[in-house]
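Both of the next two complexes hold chain A, though its partner changes from chain B to chain C.
After this line comes the complex of A and B, so read on.
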C-alpha cells in the first residue's frame, strides 16, 4: 500500500515537472535564429562577412530624398519614416548587407523600403568602408524601442532561403517615438 | 478451463460491442459519410477579405486597352485586365506582392487568367515596389494580358497560416513557414469595368 502511494506521489510530482521542462525548451525559430553580434550607436559591430557601425538615426513624417543627378523628391509616409545612417566594410570578399530590418518591441519586423536604393543593396568591397543610409516606413506605434537587425549577407547570386545560424548584427537604436516634420536621405549609388 | 474460456469470450464480446455500438448508431444516420465541404464565402468589390497574413479590399477590376504598366514609359499595344486591391499585411513579418499573388486564383469568364503580366505596389510619386510591411496599407495592382474582352472576373483567395516546418533533412526543421490552405477562404465575383 505504501509503495503504491509512493508511486502515485512520484508520478504526481514528475509529470508536471516534465511538462514544465518541455515548456522551457526553446522552439525551433529560437534555436535556429541567426547568431547576432550586438552593439550600440557609434560602435563598430563585427561579424565574419562585414563590420557595421550605426552613425546616426532620425525619424520624421515626411522623407526628403536626394536622388541621382541632384534630383530631389518628397515622400509622405502612411506611418513614420526612420532613416538609419550606417558605415559598413566587407572583411574578406565582396558582399552586400542582405536583409536589413527594424524589429519593434511588439515583435513586428519591418523591411527596408524598396522605394529608394539604400546601403542594404550596395556591394561592399573588402577593407573599403562605405557610408550610406537605409530608410524604413513603419507605423508610429512601432518606432519607440526599435532594434536594427542585419542578417543573411548576400554574396553575388548565392540564394539563401534562410538565415538559420548565420551571422547577424543587432543594434538598439534608442528611438523615443517622436518624429520630426521632415527627415532626409541620399540614395545609394549601386 | 471451460469457465476461463467462457469469461474470455464474454470480455471479447463486451469490448467488440463497445467499439461497434457508436458505428452501428452513426452509420444509419449518415455519420460515416464525408462531411460536405464548406463553400467559400462570396465577395464583391469593396468588401474586405480577411486572412491571417493579409487583409484585402478589392477596389477595382477593369478591362482596358491601355497598358497599365508601360516598360520604360513605352506602352504596349494589347488588351489588359487590371485588378486593384487595398492590402494590409496583418502578420508580424514583411511579405511580398509576389507571395500575395500566389494565393490568388484568377478566372476570366470562367477560364484561368494565365500568368500575371505585372504585379506591384502602386505608390503616388514614388517607384512601384514589392514589399508589404506589417500595418502599412498599400495599393497593389495586378494585370494580365488577354486575347479577348472578358466580361467577368473571379478571384479565389486562399489563406495562409504560419506553422512549424517539417523536413526529412532535419536542418532547421521545425522553424516556422507560411503554408497555404487547401481550399479558398473566399471568392471575389465581379463584372469587369470598361475603360
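After this line comes the complex of A and C, so read on.
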C-alpha cells in the first residue's frame, strides 16, 4: 500500500515537471535563429560575411529622399520614418546585407522600406567599404528602444544554405522616441 | 574459474566496443556523405589550376589568361582599382563550343582568398565582348564557337588596391557551378589603359 502511494506521489510530481520542461523547450525558430554579433552606434560589428557600423540614426515625421540625377521627393508617413546611416564592407566575397529590420521592444519587427533603394540591396565587395542609409516606416510607439537587426546575407551565386544558425548583426539604436519634422536620406547607387 | 569469468566478460565487452566503431563510422558517413556536394558548392568547388601563364583544359575547352591589367577608372571607391582580365577560350569540339552559349562567369581571387565577381560599373576594353560565346549580330543570339578557334572575351572588376598583385582569375560555366578553372598570371598584373567605362 505504501509502495503504491509512493508511486502515485512520484507520478504526481514528475508528470507536471515533464510538462513544464517540455514547455520551456525553445521552439525551432529560437533554436535555429541566426547567431548575432552585437554592438553599439559607431562600433564596427564583425560577422563572417561582412562588417557593419552604424554611423548615425535619425527619426522624423516626413522623409526627404535625394534620388538619382538630383531628383528629390518628400514622403509623409502615418507613423515615423527612421533613417539609419551605415557603413558596410564584405569580408570574403560579394554579398548584400540581406534582411534588415528594426525590432521594437515589444517584439514586433519592421522591414526596411522597399520604396527607395537603400544600402540593404547594394552589393558589397570585399575590402571596399560602402556607406549609405536604410529607411524604416513604423508606428511612433515602436521607435523608442528599437534595435537594428541584420541577418540572412544575400549572396550573388547560385546556392547558399538557409539562414538557420547563420550570422547576424544586432545594434541598439538608443532612440528616445522623439521625431524631428523632417529626416533625409540619399538613395543608394546599385 | 571465478577469476576467468570477469576476464571473459571484459573480453566480450571489448568486442562490443570494437563492433561499435564501424557502426558509428557508418552512421557518420550516412549523415555526412549526402552533404559533401552541398559543402563543395558552398566552398566554391574544386578548381582546375594550370601552371601560371599556361592554359588549362576545362569542360572540353582550353582556357588561357591573355591579359590582366589594372587602372584607375573614374568614379571608383577610394583605395580601389579597376582590373580587366582578357580570357581566351578554344573549344576542343562542337559540344564544348555549344556549352559556352549558356554563358561563363569570371571572378578574381586574391592571396587572402577574397573573391570578387565581375562589376558592370567598369566596362573594360572597347574592342572585346564580355561574353565567352561569339555573338551573331543578325539574330542577336550567341552562337557556338568554332572548335579550334580561340574566342577572346573580357571581364572587369573593382578590387582594393592591396589585392591587385596577387589576383588569379576563375571562370565558371553556367551549367557547371562547382568545377571551374583558375588561371594564374605569369607575372603581377600591369597597369593598363583607362577603361572605356
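The working rule: the second predicted complex is superposed on the first by the 184 of 190 C-alpha atoms of A that agree within 3 Å, B and C clash if a C-alpha of one lies under 4 Å from a C-alpha of the other, contacts with A are read in each partner's own complex, and residues count from 1 in each chain.
The rule is short, and it goes like this: a residue touches a chain if its C-beta (ideal position, glycine included) is under 8 Å from a C-beta of that chain, and two chains touch if they have at least 3 such contacts.
If you're wondering where the values come from, they're calculated on a predicted model, not measured in any experiment.
Undergrad: Taking the superposition on A as described, I'd like to know which of chain B and chain C A:75 touches: first, second, both or neither.
TA: The first partner, chain B, only.
Undergrad: If you stack the two complexes on chain A, which partner ends up touching A:156: first (chain B), second (chain C), both, or neither?
TA: After superposition on chain A, A:156 lies in contact with chain C alone.
Undergrad: Going by the contact rule set out at the top, does A:27 touch chain B (first), chain C (second), both, or neither?
TA: The answer is first: A:27 touches chain B but not chain C.
Undergrad: Figure out whether A:45 sits in contact with chain B (first) or chain C (second), or with both, or with neither.
TA: neither
Undergrad: Please work out whether A:83 is in contact with chain B alone, chain C alone, both, or neither, and reply first, second, both or neither.
TA: neither
Undergrad: Using the superposition on chain A described above, determine whether A:97 touches chain B (first), chain C (second), both, or neither.
TA: A:97 sits against neither chain B nor chain C.
Undergrad: I'd like to know which partner A:111 touches here: chain B for first, chain C for second, both or neither.
TA: Touch partner of A:111: chain B, not chain C.
Undergrad: When both complexes are superposed, which of chain B and chain C contacts more residues belonging to chain A?
TA: Of chain B and chain C, B contacts more residues of chain A.
Undergrad: In the superposed arrangement, which partner chain does A:130 touch: chain B (first), chain C (second), both, or neither?
TA: second
Undergrad: Which chain A residues contact chain B in one complex and chain C in the other?
TA: Common interface on chain A, chain B vs chain C: nothing in common.
Undergrad: Where on chain C is chain A touching in the complex?
TA: Per the stated touch rule, the residues are 38, 41-42, 77, 79-80, 113-117, 119, 158-160, 162-163, 177.
Undergrad: In the complex, go through chain A and note every residue touching chain C.
TA: 91-94, 125-130, 156-161
Undergrad: Over in the complex, which chain B residues touch chain A? Could you list them?
TA: 92-94, 123, 125-127, 129-131, 133-138, 164-165, 171-176
Undergrad: Taking the touch rule as given, give the residues of chain A at its contact with chain B in the complex, in rising order.
TA: Chain A residues touching chain B: 27-29, 31-32, 73-75, 78-79, 101, 106-111, 113-116, 136-139, 142, 162, 164.
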